[in-house]
Amino acid sequence: MPKSETGRVEAFSDGVFAVAITLLILTLKVPAEKEISSKVSLWHLLVLQWPSFLAFVTSFITILFIWLNHHMVMRLIHVNNGNFMLINGLLLLFVTLLPFSTAVLAEHLGHSGSKDGIIFYNGSLFSVASMFQIFWKYAIKNERLLGPECDKLEIKRIDKQFKIGFILYSIAFVSSFFVPIISLGISVFLAAYFTAVGIFSKHS
Amino acid sequence: MPKSETGRVEAFSDGVFAVAITLLILTLKVPAEKEISSKVSLWHLLVLQWPSFLAFVTSFITILFIWLNHHMVMRLIHVNNGNFMLINGLLLLFVTLLPFSTAVLAEHLGHSGSKDGIIFYNGSLFSVASMFQIFWKYAIKNERLLGPECDKLEIKRIDKQFKIGFILYSIAFVSSFFVPIISLGISVFLAAYFTAVGIFSKHS
Amino acid sequence: MPKSETGRVEAFSDGVFAVAITLLILTLKVPAEKEISSKVSLWHLLVLQWPSFLAFVTSFITILFIWLNHHMVMRLIHVNNGNFMLINGLLLLFVTLLPFSTAVLAEHLGHSGSKDGIIFYNGSLFSVASMFQIFWKYAIKNERLLGPECDKLEIKRIDKQFKIGFILYSIAFVSSFFVPIISLGISVFLAAYFTAVGIFSKHS
Amino acid sequence: MPKSETGRVEAFSDGVFAVAITLLILTLKVPAEKEISSKVSLWHLLVLQWPSFLAFVTSFITILFIWLNHHMVMRLIHVNNGNFMLINGLLLLFVTLLPFSTAVLAEHLGHSGSKDGIIFYNGSLFSVASMFQIFWKYAIKNERLLGPECDKLEIKRIDKQFKIGFILYSIAFVSSFFVPIISLGISVFLAAYFTAVGIFSKHS
């Protein structure tokens, strides 16, 4: 199958990633002019939106790393088929849900719907992580989509790394039913950790 | 005509597909904080939105398969002309309408506007299917846009497959005037069927 | 300058065109469930939105043809420079305004703000047409951006065609101050005419 | 590392730039039909939105120039690594914030939240400028990402130019705490100046 095949899957995926990551900005609400009084400044209203900013930044970085990982996987793939395009499409479906689950979290964090909002948010991160595992496992199973010159040790190393990510998001999701705030802390920490360590610099 | 010509049509089309498929997320409404009470949890409000989730997933998968089909057709095309770009543009117009018709369905499904909403939704799927037929028929008529090495048997097989899809969406549309719920079931089933069978894996 | 330079300008422009053309869908308003009564059906409410549909389709086709023209111009260009990228950016600025002016027209057509809405809409089409003229004239002036093998007769023919389009949009804009409905008719007719004749098929 | 690596970073970045620049249009509010009376025309309501138009145009041109600069930097880069992709992602995060800060400015300019709005807007421009400096400095440090044939004098010239831009946005941000209107004037002036002088034409 010609290279251009993979090329167009990447182009479409990049488009969806780019739109989804930018739509996250709709999580933030512009404070209305009439909400401002002598006691409540615009600054006040913006600061009160901290859950939205936190959710926005966490989701932005999470989608960014999904994209970086997607990018890395596509770099290894030399063959393409319909099932793979379908699995890729379902991965994108869950990515597209993130601007919604982020907005749900931002609206309810710290209010009476806080726990449900965290479960929903961590659940949607877990869905993306699960789908990404399927995407990855399908690609490497019997090396069916990989090029002949692929490095088996590198595949193993990446596989281990993805597994750790998947386990951590599973833990975050499960624990959100019991200790919601801590579970949200895990998701935020993961985004911060990925950023701080820049783990992807080691292999690309 | 140089390859790059087709390339830019694909890039623009991919962009519209990517934006339209991601805008589907606007179908889902973030429940407001004040709607939550001791009797109504956030979970409740999200579950009550099941028509929106159903419509979102159905439309997402439908657009995904239109894109996969579009992708497959473009792979066969080696020539390009203005009329083809125009027909492609009109196809994109109906694709762009899907986030709107999906939101209309989601708002009215199960309420008094249910039947009209289903007719409108199935009508918009039918419009896309019809436009796709025109797009495909124009491309293969006298093999005018196809490369010299194209496989006539493959063309015939794809043609048959597209015809079946078109007939099914026609049936869904027509029956929505008489048995709306069943007709919607057809549209949902088609999306589920495409996903389950992954029919595209057989020829690409 | 390497080809890839032009390539990335095209990619960015295609992105803006694709997002702007898809955002047009926000012109259409989803009728709320509570607006429906025994006397007013969903169908009713959708039909009442005909100005929005008309504005949506007209703007969609207009942006589509601007894109096709943009595409045709970029095909002729082999050199690139900063001023050209800037002029291209300003063209995109006016294209980005179209979803807004379309929504303004849709909201006010047939109501007390009808005339102002038409002036604003035709004014924004005129701005795009003017900016496109500047874009085109800059590209061909002294053949500064054209490839050495460009066909002077083709350039002349395209130039004439663009000039006619520009004059027609100027007429539509000026006449909107005096005969708003007729001037809107010109804009709609132009979109319909471009579609019907598919004039671009003759040279690409 | 193959060229295509840089290619996909550019494609994703172009996508985010294109979506962010087009989402700026959401800053402009469509005046509702019912706001119009015998005393207040549509024209009136549109003109009253001048802060929104000013903010829209300023931000559009600013993002356009960030994109042009991004484009220029990527042209010089021949190597790529994970940290660079991460830094690029954080740059995009701040670019994505611009449609929000632009809408905040537009809502509050000329009202009681004016000063806070200007601080927030200039602060978000300053964040982009700072992140761009980090992006640029990382790329040229020890020439780690630059091609072997890169022109050291050109790098120095570009570096100086970027530094001036960074200093000007720093001044605009700091002065917004003391003389908000003047500081906003600097941001608007910078956008107008970039457009008028087309400084990028000199080196690309």
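For clarity, chains are labelled A, B, C and D in written order, and residue numbers in each chain start from 1.
Definition applied: contacts are C-beta pairs under 8 Å (C-beta built on N, C-alpha and C of every residue); 3 or more make two chains touch, one makes a residue touch a chain.
Fair warning: this is a prediction, and the values are worked out from it, not measured in the lab.
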Chain A on chain D, rotation in degrees - Cα superposition, rounded to nearest 5: 90
Numbering shared by both copies at the chain D-chain C contact, with half separating same from different: different
Geometric centre distance via CA averages, chain C-chain B, whole Å: 25
Intercentroid distance (Cα basis), chain C paired with chain A, Å: 36
Of all residues in chain D, the ones touching two or more other chains: 11, 14-15, 18-19, 23
Sites on chain D touched by chain C in the complex: 10-11, 14-15, 17-19, 21-25, 28, 30-33, 36, 41-43, 46, 57, 60-61, 64, 67-68, 71, 74-75, 195, 198-204
Footprint of chain A on chain D - complex, ascending: 1, 5, 8, 11-12, 14-16, 18-20, 23, 80-83, 85-86, 89-90, 92-93, 96-97, 99-100, 103-104, 107-108, 111-113, 116-117, 119-120
